Structures are given as C-alpha cells and as structure tokens.
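Next up: the structures, one after another.
Each of the next two complexes has chain A plus one other chain: chain B in the first, chain C in the second.
Presenting the complex of A and B:
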C-alpha cells in the first residue's frame, strides 16, 4: 500500500504562532501510528495537513514516495474519519458509503458490490436504508468507517473517532478498528488524546507537545523508556509520580527539606553533587513490602484510598509530595495511617531538572 | 382576594384587548358587513345583498390585477431565492469587509418603501436614469423600464427583490451556518467539485430555509402596493395594477367602500388558500 513521510513539517496560522514545529515522522507501509498529546498540541492540525485540508507552512509531505504538498485532498488517495462522523445527513447509509464512488462515476453494479462488502465488514448490512439520524453513535461511526474503506485508500486518517462514544462502546470499536486495519493492511494515522487507545492500538506512538514531537516509539518503549518527563507523565494511568530531589553524596539523593533520604549502592546518578533531579516512579512500582530486589524505603501518610474492585489506588503524601500507588484490592489500609513504601531502584526513572530529559543510569 | 386577582389580570390584558378589538376584530367584522352594502363614506350605508359579489365575478380589472400579482410573484420569488442564496453563499466566505457587505445588503430592508421607490424611479428614468445610460453606453437601446407595459412589472419585481433581499440573505446565512464544515471536508476528500458539494450538501441542508423564504416572499409579494402606487400608479395600461392597489383604488379613489371590502375579503381568502397549499406541499416533501 503506502508509507507516509513527514519531513520538517511546520504549520503556523499566524506569524510567530507555530502550531506544528519541524515534525519528522515516518509511517511505514501497513503501520498503525497513533498521534497523542494534550489538547491543542497540534494533532488535528498535523492530520489535516496530511489530508490536505490544511496548507503546509513548510516542510515536505510524501505519500507513497510522492511529494504531495501541493496535491488537493482528493488526489492524495486518503480517507478520513472525523470525530463528529461527518455523515451526509440526508443520505441513507448506502448513499453515504457510495458517495465517493458515485462521484468517480464507478459502475452502479460495482458500487453496490463494494458498498455491500464494506457494510458487511463494519456490520451495518441491515441498516443500509437508514438515514444517519436514525442510528446510534456507534452505528454512525461504523458507517463513517465503512465509507472510509469503500474507497480502498492508501492511507486511513482518524481524528479522535471514538471520543463521542460511551466507555463500553469505545472499547468495542477500538478492537474493531484495530482488527479491520490489520485485515486490510492499510497504513493508518490515528489521533487521540486517550492514552489507552494509543497504547492498545498503535504499532508506534508519536507523542506531541506544543507542536513538537517528544517521542516516537512502540507503546511499550514509550511506557518503559520515556525520553522525557512529559512522555513519562502523559503515558500511563494513573500517571507517573514525580518528586524533586537533590543529588547528595554518592549513591544517595535527599528531599530538599530533609524529609527523606534514599541511599543504596545501586543508586548511581551521573550528575554532580548538590544538583536537583526529578525522580519518577510509576504507581505500580511502589510496593507495600520489601521484595528481594534493591529498593529504598519511604514513609508516607495515606490521604485517600480508591478501591477500583480489581485494584486500589492509594493517594499518599510526604511533605509537599503527593504520590499515587497501585495495590491489590484486598489489602486493608485505612486513611490517615502512616505506611512504609518500597521503590525498586531499577524501576526509578530519572529526569534532568529543568529540561526534563531522561537521564541514563548504568543500571 | 381571588376577585381582586382576577380583576388585576383583566386590567393587564386590557391594552392588548383594546388594540385587538379596535384594530383587528372590529375592522374584520365591519368589512364583512360592508360587503353586503353600498357606501361612499359620506352618505349612509345602503344594503344591497350579494350585488358586490356578483359584480366581482364579472370584474375583468380584478382578474387582471390578480393576474398581475401572480406575474409579479413568478418573477419576484425565483429572483429573490436565487439572489439571496447566491449572495449568502458569497458572504459566508471569509471575505474582507464581510461585515460591511452584510449590513449593506440589509440596509434597504429597514429603509422606508416610499423612499426606496422614489430612488428607483430615478434609476429607471427613460432619458436620464442610470440603467438606460449604462445601456446606451454599451451601445444598446433604451428600455422603457416603467413606461413599457412589457417591462413595468419586471422592473417592479427587480426593485422589490433589491429591497427585501437582505432579509432573506440573513435567513440563508443562518441556514448555511448550521452545515458542519466537516461535511465539506469529507466531500473534498471524496473528490466532490464545488457544484457537487452545493448540490449534495448545501442544498439539502438549506431546504427548510428555502421553503421559509418562499412562503414569506409569497405573503409579502401578495401585498404588493407601495411600489406600483408610487412609481406607476398601476400603469402603463394597468400592467402594474396589483390586487391590493386595485382594492385601494376602489375604496379610496372611487369610494366604493362596500365593493373594496368584498374584493379585500376575497383576496384574503385567495392568499389563505395559496399559503395553505404551499404548506401542504412542504409538509409532504
């Protein structure tokens, strides 16, 4: 099918207001890439530039090896699924799916065949005569999906297609879209701000912040080896805990106000003594008992307990630091108690104070 | 307490009630009574039974006036629809001075009809009117805008369209605003050209607005009066004699009050029937 390559793509709507900044992204053939980032970071703008709905301010965009900067949307051979579905309200499901082919003057018989196939793929065969108004949100999204696959494009673009659906339907559609994409093998770029969607669907995740690419990697790598504090905090729910500490003598860090001190022979930080550093630890890496691995201990107060059924979240406090821990549901812990927590040293992420870049430790 | 409250409520609706009785109920009832009488305002009313209605059935002038009014509607409504929609489509785009143009097109709506009519009378002038000067400038021959029976009603329809188009532009703009841009973008991706986007997205979306514009301009078109009254007095050769103008003339020119009332009542029923038909047609489609 096709690969998509963004080379130094920038976009500004007004001078001195850069929305997408020197973006480099290579989406391989058949790959499913998810663009994530907080609201306003330029995800939709990026997608719309790929679609041709927005001009590219600078940089080159290649689809299937061909420079398409100046190609109108219709000649880029892409299909886009919009957040609000963008179904033609006065057309039936069949007409909606057939519209693109009809414009291309495809033979009626062929249209019927292709649309029927697509409707089958998205499980909408029995609704072909309905108007969008008479469909549920999930069904509308299916029609939008069907309309995209009917045209058998080189690239699928999705802009938060599931954000108008309820939680359960979202999970279901997530699986269906992923399965469909695998089956069709169409190169896909999918925008979401939901990091669960990103983790579960993507071959690779591109994390954006303020129009700048933060990390482009597999879901597990972005989770386990975030390149900076932003990615570490954005990927994962509940998000990673951060504490600002000071590098002390060798093998130790302390809290600036002396609340705690971590010292261990495995704790080796390649930064000078006295320098501030950010310590990051995921909620599931805070343990209630010491495991056999190298750990440090911290005494915290329980502020709140949130039972989820399958697990519980503990909200904890030590001095100015608020932490979240994720524990088994059946451990009885009451609010306002002091407890000891253990952090495995090799699970700690270190980030430069200020820049937020990840610090490579030898372990 | 309760009585007091009731009294108070009546007191509150009294102004409206007075207005209604004085300006709606009484004229309607009085004019129905009038249709069975002969009355020239000065001498007392004289009962004449159904004579007015008999006269109406044979009145070729009234027929002509109705015919003229329909001709006016047939020119005015499509013109209004096309121009209002066209301008609304243009004004929807992000043009410079969009706000200025939007107000400019609306201005004639709020200007007095008499003023507009007098202004256009100048524009339509045969010798020195700007339209004819443009035509002669282009090497074409003059048109007798208001003095040629073939053109007079057309001229009036053009002017009426100019006067009211601002209102309908606004209605269309509101209708157009309700079309999500993502529909056009989806169509762009599927390769629709501007005409196809208009045909398959815009037009169906503003269908309700179109119906509304048709109904509104039908009703306002039926009451065509000021324009021919001021510009042509119904001429030349009665070619711009509208139904309402004819009724006015019967009443306040010839003082045939009874007959004018009969014409008015009949014409009101005709309008009612036409609008009812239109509504039925709209509801069915």
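Presenting the complex of A and C:
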C-alpha cells in the first residue's frame, strides 16, 4: 500500500491551454480520495497523469515515496478502472483479468489462482468463460474491477466508473467499490462529476475547477464549511441558494434594488459598509417556521412545487432571486402563494463579492 | 408477375456479365476449329491448349511467383498500413494532419505519374529483376492507411490505455489488442490488396525481365500478345483461364468477405 503525493503538478496541452494548474495533493496510505468537479475541470487529466497515460508538464509525482514522473504506466504499480470498462472484446473474462499477469510472465498456476480469487471477490466466478459482449453493464464493470484487483496494485485509480450504469446499479456498485476498498485497504483515487458519489465514498474530497484545487477536505467539512462560492454551489443537491446583497449598516444587509432587508443583531459581517457580498443558504436551511431566535424572515412567492415523495422542493422568488427550499412532503403549499421563510443566521454562508472566497464570521 | 419480370431482367444482366467468361472457359476446352462458334459448351472437347501453354511457358513457376509476391505485398500492406493508421488515429504529434493529407494526396496521383521515378529508384537500388522491385514499392498503400485509420478512430482510447497499464508496448497494442478487433478491416484491405497485386501487369513488365521471376499475369500477357502463342486463340484463352482460376477459387472461398469488402471500399464500417 502507498501514499500518493502531487507536488505543483501542472498540465498544459498548449502554451495558453493550462488544464491543471500547480496542483498539490497528498493522498495518505489506504485513503479513498475523490476528485470532483464539473466537466473540463482537469480531474480526469490529473488521474491520467497519476496513471502515466498523460505526460506531466511540470511538478513532481510521488507514489510510495518514489518519483514516478518518467515511469511508464506498467511500472507505476497502479490499476485503473475506466468509465466504459475498457475490457478487451476478443478475450474472455478470464483472459481479460489474466492479461496483465500474463505479460508479466507470471506462472500459469498462480494466474489461475489469483484470477479465481479476484473473480470471487467481484462475484463473477461463473462468468469466466464469457466474452464481455455477453455481459450486462454492471457485470462488465465488475470484471474491470476484478482486473484491477488481480494486479494487487499500490494504488487504485477510478475514472468515472459508474457513469454508464443505471441509477439503481450505480448505488449498488458504489457500495461494492467502497466495501472492496475498505477490505483491501488499497489507496484509491476516484474521479467523478457526481457529488453524491463523492460525498458517500470519499475519506477526503478534492474539488477542482478550471484545473485549480478549490478545497481538499472531508465530505462533511466540504459541505458544511465550503471555502468558496464554487464549492458551496457544487457540493449539495439541490445546490446552495445565493443572493447578492449589500451591507448597509453594521448588522443588516439589503438587496441592491431595495426589495428586502435583513436585520439582526447577530448579523455581524467583517466587511466595510456599502460593500457587496454574496449570501448563501442551503435549501434545507430555509424553514417555514421560526426554529431559531437568531433568524431573519423573508417573504417569497412560490413559483413551483416539486413533490419528491419523501420531501418536496419549493422553487421561490424574491425580487430577482430564485431560491429553492427543501421541506417535508406533507405540507400543503400551492403555487403562486406568498409565504414567509426563516433563515437561521448561523446557517448562512457569506462569500466575498467577486472572488467568491468564504468570509469567516465566527469572530 | 412483377417478381418474375425482375428476376428475368437480373438473369439477363448476369448473363451479359457471365457469358464472356463462360465462353472463354468453354473455348479453351474446344478444338481450334470449334472456337468460332459462340456456344456455351466446348466443341470437340480437348485439353490440348492447356498442354500447349504448359509446354510453352513456365506457368507453374509464374503461379508460384504471383502467390509469393501477392502474399508478401498483402502482409506488408496490412502490417505497415495498420501501423501508420494507428499512429495517425491514436497518437498526438506535430504534423499529424499534414502527413494524413499528404497520404490522401498520393491517392489522387495516377500510377503513370510515379511510374518513371519509381523505375529509376529501382534501377538505383539495383532491384530491377528481383522480387524486391515487385514487393517493396507496394507495401505502403494510402488506401489501406486510410481504412485502418478510420477504423482505429472508432476504437475507444480507454481500451488502448488499459493495455498500456497492463504492460503492452505499442507493437503489442497494435497486434494483440487492435488487430483482433479489426478483422473486417483486415479482410477488406487484405482482399483488395491481394487482388490488386495479383492483377498488376504494367509494373512487373517494367521491372522484371527474367522469365523465371515473372508473375502469372505478366507471363500470360507477354505470351498472348507477344507472339509466342502463334496466333492460336485456344492457347491464349487457356492461359487467360489459368490466370483467372486462382482468383475465382479465392472468390468462391471468401465470397462473403469479397462482397463486404467491395461494399465498404472507401467507407467506414
């Protein structure tokens, strides 16, 4: 098992096309790290650089303390699982799983033993003679997983492995991968754009945007204490509500067009008066009744109601702002009504206008 | 009724195409006097013309030469065409598109334009009158490169990446991963190349003078038009039948692939 260390890693495909910018990341031994971000954020490129499938433009990459920048993929002691499984169509399940070992000239008996064990681990023992085309999507991904296990690598790399599966299978495979990683204790780096996968599987999440690391923290810290507006908006579904407001007095903020004003003695923002600021509030932190004394009340119009069965989403409008609230399913609220919502002040996130950096209000 | 009419028209069309061939075979088995009749079946059945051909020219040697040359050309085209196609489809390097367009450009040049420069090259290399002159200039084929490139583009990059992680180098990726997943393209390129090489007459006539090195079409052409057949039509037709026979046998064996390869010529499968 091994730790992975990325030191000032950059990747550019052309002089003015920097895909990954000065990335520093330390993945501890046995840790499960998820790289998450929108399309084009550089997460897959980062993974491919770790795998050795993409050259590193600058910086150093260490696997188990060894500089591997110039090592070919086969010598990095890694295994990778791809989004579209990447199974060799002309080989059987057994041959797919055994191929890497065969190239390493491992003894045939050993290969058979190792492949059988891996096939058992991924529940594919009875399909060893089948070709990939005779398997379902979930089974194919299991074979890909088995092929990775067979190599007994220092690091597992996953590149959006569940994206091609249907929702139900995705949940099932998510659990299986997490369980397998815990059992094998192999350091794992997992790329996804699905923040539910990131939240549920990771020991730590690295949120990337435009090739720059935005936050590297535990899932709950990323959710509860986002470092900037991007992370706050990206992690969480439905995503955090944002409103642009102006600090007008020491303990109040107003909408720029004067539509509403939030005033409370606990509303202490360490920014100069007259400055714009971004207010962020998660959908589940908007209440229909006052739950905390330190709350501000807002009157909003209901634009749409989305009953999900176990909960309902209210789409609301206040001035130019569109908000989403998550409420219990049994509360009857009709479209186009005006309702009052309460926002606990300690649940509000504040971000600098322009840079989007989080503003610390704890002092 | 409509169906019957359709079959009648199709049969007539097939007959128009087939008749000259059937007549050639039939006439080659007829006596010299019976040839003038346009019949389906041989008149005064005889193998004399075939015996005459066999006795006049080293036709079995030429058959061997043709098989040897066409096989090596086909193998070369498959290997080098797939290598180049792989590089153009899956590797990023400066000038990749320029090289590809240049390869396409060479396809637009008629063979006659490069005939003399190529011949001079053969003379300089001292390859005239050797199999090298027949094989080496033919092993790089623009058409094969394009067909392989187009096919390899459709193969997911992840498959190649997975092979790299498993420990494959580029040659192994090509022959152990890509080739087994490119059988229709390999058959298409193989059949077309083999047929083109088999039927080539002009280039062998230019670079081969030694009768022992001549290919079958070259030998038969020189025999029929060169005066050695002594103006006997039966002997000429027997040699022509001999020339067509191997391709005919190949066609019967690989009929399905022949049709597929013709249908997919120049198109992505």
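The rule we apply is simple: the second predicted complex is superposed on the first by the 360 of 363 C-alpha atoms of A that agree within 3 Å, B and C clash if a C-alpha of one lies under 4 Å from a C-alpha of the other, contacts with A are read in each partner's own complex, and residues count from 1 in each chain.
What we mean here is this: a contact is a pair of C-beta atoms (placed from the backbone, for glycine too) under 8 Å apart; a residue touches a chain by one contact, two chains touch by 3 or more.
This one's a predicted model, so the numbers in the text were calculated from it and none came from an experiment.
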item	value
Joint occupancy of chain A by chain B and chain C, clash or fit	clash
Touched partner set for A:233, first chain B, second chain C, both or neither	neither
On chain A, the residue positions that both chain B and chain C contact, one per complex	51-53, 72-74, 78-80, 82, 84, 86, 88-90, 99-100, 103-104, 147
Partner chain A, residues of chain B touching it in the complex	180, 182-183, 185-192, 196, 200-201, 204-205
Of all residues in chain A, those that touch chain C in their complex	48, 51-53, 72-74, 78-80, 82-90, 99-100, 103-104, 147, 159
Chain C to chain A touching residues, read off their complex	156, 158-159, 161-168, 172, 177, 180-181
Parts of chain A lying in touch with chain B, wherever the complex brings them together	51-53, 72-74, 78-80, 82, 84, 86, 88-91, 99-100, 103-104, 147, 151
